[in-house]
Amino acid sequence: MRNAIFLYPGYRNKCRGLHTFFDDIYEGRMIMKEITRTPIVILNFKTYLESTGEKALKLATVSQEVADETGVNIAVAPQHVDLLRISKEVTIPVLAQHVDAVDAGGHTGSVLLESVKEAGAIGTLINHSEQRMKLADIQMVVKKTAESGMVSVICTNNIETSAAAATLGPNFVAIEPPELIGSGIPVSQAEPEIVEGTVDVIHKISLDVGVLCGAGISTGDDLQAALNLGSEGVLLASGIILADDPKEALLDLVSKI
Amino acid sequence: MRNAIFLYPGYRNKCRGLHTFFDDIYEGRMIMKEITRTPIVILNFKTYLESTGEKALKLATVSQEVADETGVNIAVAPQHVDLLRISKEVTIPVLAQHVDAVDAGGHTGSVLLESVKEAGAIGTLINHSEQRMKLADIQMVVKKTAESGMVSVICTNNIETSAAAATLGPNFVAIEPPELIGSGIPVSQAEPEIVEGTVDVIHKISLDVGVLCGAGISTGDDLQAALNLGSEGVLLASGIILADDPKEALLDLVSKI
Amino acid sequence: MRNAIFLYPGYRNKCRGLHTFFDDIYEGRMIMKEITRTPIVILNFKTYLESTGEKALKLATVSQEVADETGVNIAVAPQHVDLLRISKEVTIPVLAQHVDAVDAGGHTGSVLLESVKEAGAIGTLINHSEQRMKLADIQMVVKKTAESGMVSVICTNNIETSAAAATLGPNFVAIEPPELIGSGIPVSQAEPEIVEGTVDVIHKISLDVGVLCGAGISTGDDLQAALNLGSEGVLLASGIILADDPKEALLDLVSKI
Amino acid sequence: MRNAIFLYPGYRNKCRGLHTFFDDIYEGRMIMKEITRTPIVILNFKTYLESTGEKALKLATVSQEVADETGVNIAVAPQHVDLLRISKEVTIPVLAQHVDAVDAGGHTGSVLLESVKEAGAIGTLINHSEQRMKLADIQMVVKKTAESGMVSVICTNNIETSAAAATLGPNFVAIEPPELIGSGIPVSQAEPEIVEGTVDVIHKISLDVGVLCGAGISTGDDLQAALNLGSEGVLLASGIILADDPKEALLDLVSKI
């Protein structure tokens, strides 16, 4: 039921100034299944052993439980190898951590968007701080996600790159100051002006691009601060994955909403 | 006299919607020496043997002669190794072909912006089709050029990435459909809608970013077509460098202006 | 029963000159389950749609059938996303197409060796022509495979890089002249001297590194020629995957053994 | 007089086991001008401001003075942009910090070997820790240096990659444990077994490849220790470049020879 309850009504395709240029490109985009307005929590599994294989499945199940118990929109982004087993077992949205800027063909070792979609991913992170991409490749992948009816979340490092990312028409831009990633120092409290500045500049470019923030987020206060700054959700990882009790940590994270 | 006659009065810092966000970043920017309104021709030397070492110096001298004889604004972009000897011998603007997204320090083998500036380059190409860069790196280099009073020319592959590039506040965006580079088929005649579309979308983002176009340009008709489509100049290479008589080719290129 | 029937008795750890240096590094290496001397056929699924998702599973099942019917040692290398579903359904060896040179931790979007192993891969291709790696990264991955009891197949482009690869102590080096990949022109017939030269130089470095060859291989004659040149098997892709009837193509491939 | 006094008589082309394979490849190799047996000190200028532009020229001149006063073989590796001005002013060997694995043609922003040679470089560092390269690219560049009569110095991170590098037939392999680079902790004293192990394994592969070591080297004791371990010289940077008095630091470095 909660699977992919991800997008706002009328989401995207309304980049104001850019409207006429991008419309035809993105007409393939389909609005995802069910719509809700709750904030979004994306749990990035990264490549921790604590979130690999069977442990990844367990963590996704826990995320599902917290989503069910609290009604909060929680998505998980496991490693490529674990996408299929997780998407078969949970109904919360499952995202890929990355896809390569290639079309089907001779690209040994690359991650094909068509492949992650077939495995049940409803979208993908793009340009994560640990997997930075070329501008032309980001654009190609955003376009492919739109044409495939998938959700795109471009990660960025500052206000300027967030503005650039927004013009590409993704569903979300997730601002994460690199120096705070994995630091335990929440961006929403340490650098609120970056989150606010990103929200402002992106909304000048398009009201259809949602803003997430990340880096150092782990508690209910962090998430609340992030929402108060105008973001629509958070991207987080180690604060939950490496917690002694990930379920308890997730419950705390969403407790203030 | 013609050295760096490159920028329009009041150039940049006027990104309309984005104005308040980027102003402080770019306040270090200085308007380059002399100003002119002639179209700009940037001759990219690439890594041809015909434009390496002493031959690069000869080609730059020829470019200077054509600039002097015709009054057209011609800039040259030689290899890193040749920057100093060329900038010492000519007064036309000299650009680097690329700089790396690093600050001074331990970066063996990288091209430091401070280094090319000290060698006389007044600006740099960024993200050329043959040297694609990560989004975060493009932004860092554009910011460094602005802070150093240097000219930035971001190369792009389509309308969407041109829009993204324009938000970063470069002096120029040069649209070059990759499939036409080195083809001898001029973008201004083969795909005029890409040039026009790029001009339109960039001017919606900022009137302070100039649009150049490239790929397949070599004749006076190609350049005239490029200007008629709203671009302010062209980026070109093999059509001149590999010509039997580069001076004659350059003279033909600018003959219709 | 045929799962991972991959390595020769006493395989590896016997680099003659290099013996004393590498012994301790690789002592974690375990000899894989069952041993056989038949030539090895590795079918690289690349990122063709014809070998993605359910179609990948079908292709692996066909490969299993041919292995069962003919007794030839056939391994498959599907995309990351498909590793688990395939390794659960077939008993022939399953390899990853690539793993990244990272240890567990914060590496969003990377392919972790521990992850592909948990999903049932018994080894991995390394440094494929379409996924070239840095020397230091190749060495790290080979070492990780050895420590994990997994099979390593380093792909190389010429005799010199094959020699370098062999010193790293992989199980196999697969020589594939890049210009013949996907060409339909079999390396074993078009450039036999490269295969022979690779076998010679590698055997001077270590008798414990097997030599495979690839590029353009698709028929029984190609495979026979490859074995006659001293290689112990082949790496192939499009010749089978894009065939009208992959099973028939595989049967033809192994018909001359 | 001391320019390029770099290679031992009969240097290279004698890889024992590999001899017959590489001979024809490297027959273009010319023995550099004058020959000496003193240890070699390579000063890597990296991209410090203290070693950029005019300051680079000053540092090269100081290196020349120390070489002249002490008779020690000192080479400098400045940034690309500074190669020409330095090679014109000093007679000690000048190396590039890196060249790209490309041939002349359309490679905007790349560093062409032909270009650095024309600017007076007599060789190049390859695969420095701060500029790691793909295996196939290392091999291509080593081959190009040999064919151009230039000196190749492949940097490596451990014993295994040093062995692999040695099979490619460079003039030197420079082992530099990455964790010690810029640390001030000298490899020759902190990890002597890595230097000894590298010397041993490389001499099993070829007596024609010299071994250098680097990382944390700055004093006469460090250099003496490095030579005692069987290396033929050192690669160093910050210990000299960032010293209050680089000439004094260089004089101290070579004082124990």
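Residue numbering begins at 1 within each chain, and the chains themselves are lettered A, B, C and D in the order written.
Everything below uses one rule, namely that a residue touches a chain if its C-beta (ideal position, glycine included) is under 8 Å from a C-beta of that chain, and two chains touch if they have at least 3 such contacts.
Keep in mind that what you see is a predicted model, and the values were worked out from it rather than measured.
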item	value
Third chains touching both chain C and chain A	none
Per Cα centroids, the chain farthest from chain B	C
Chain A and chain B, separation of their C-alpha mean positions in angstrom	36
CA centroid of chain A to CA centroid of chain D, Å	46
Junction residues of chain C, two or more chains touched	none
Chain-level touch network, classified as line, ring, star, complete or other	ring
Full enumeration of touching chain pairs	A-B, A-C, B-D, C-D
Touching residues (chain side chain C, partner chain A) in the complex	44, 46-49, 52-54, 77, 79-85, 97-98, 102, 104-112, 114-116, 118-119, 125, 128-131, 181-182, 237-238
Residues on chain A engaged by chain B in the complex (per definition of touch)	17-18, 21-22, 25, 127, 132-139, 143, 156-161, 163-169, 197, 200-201, 204-205
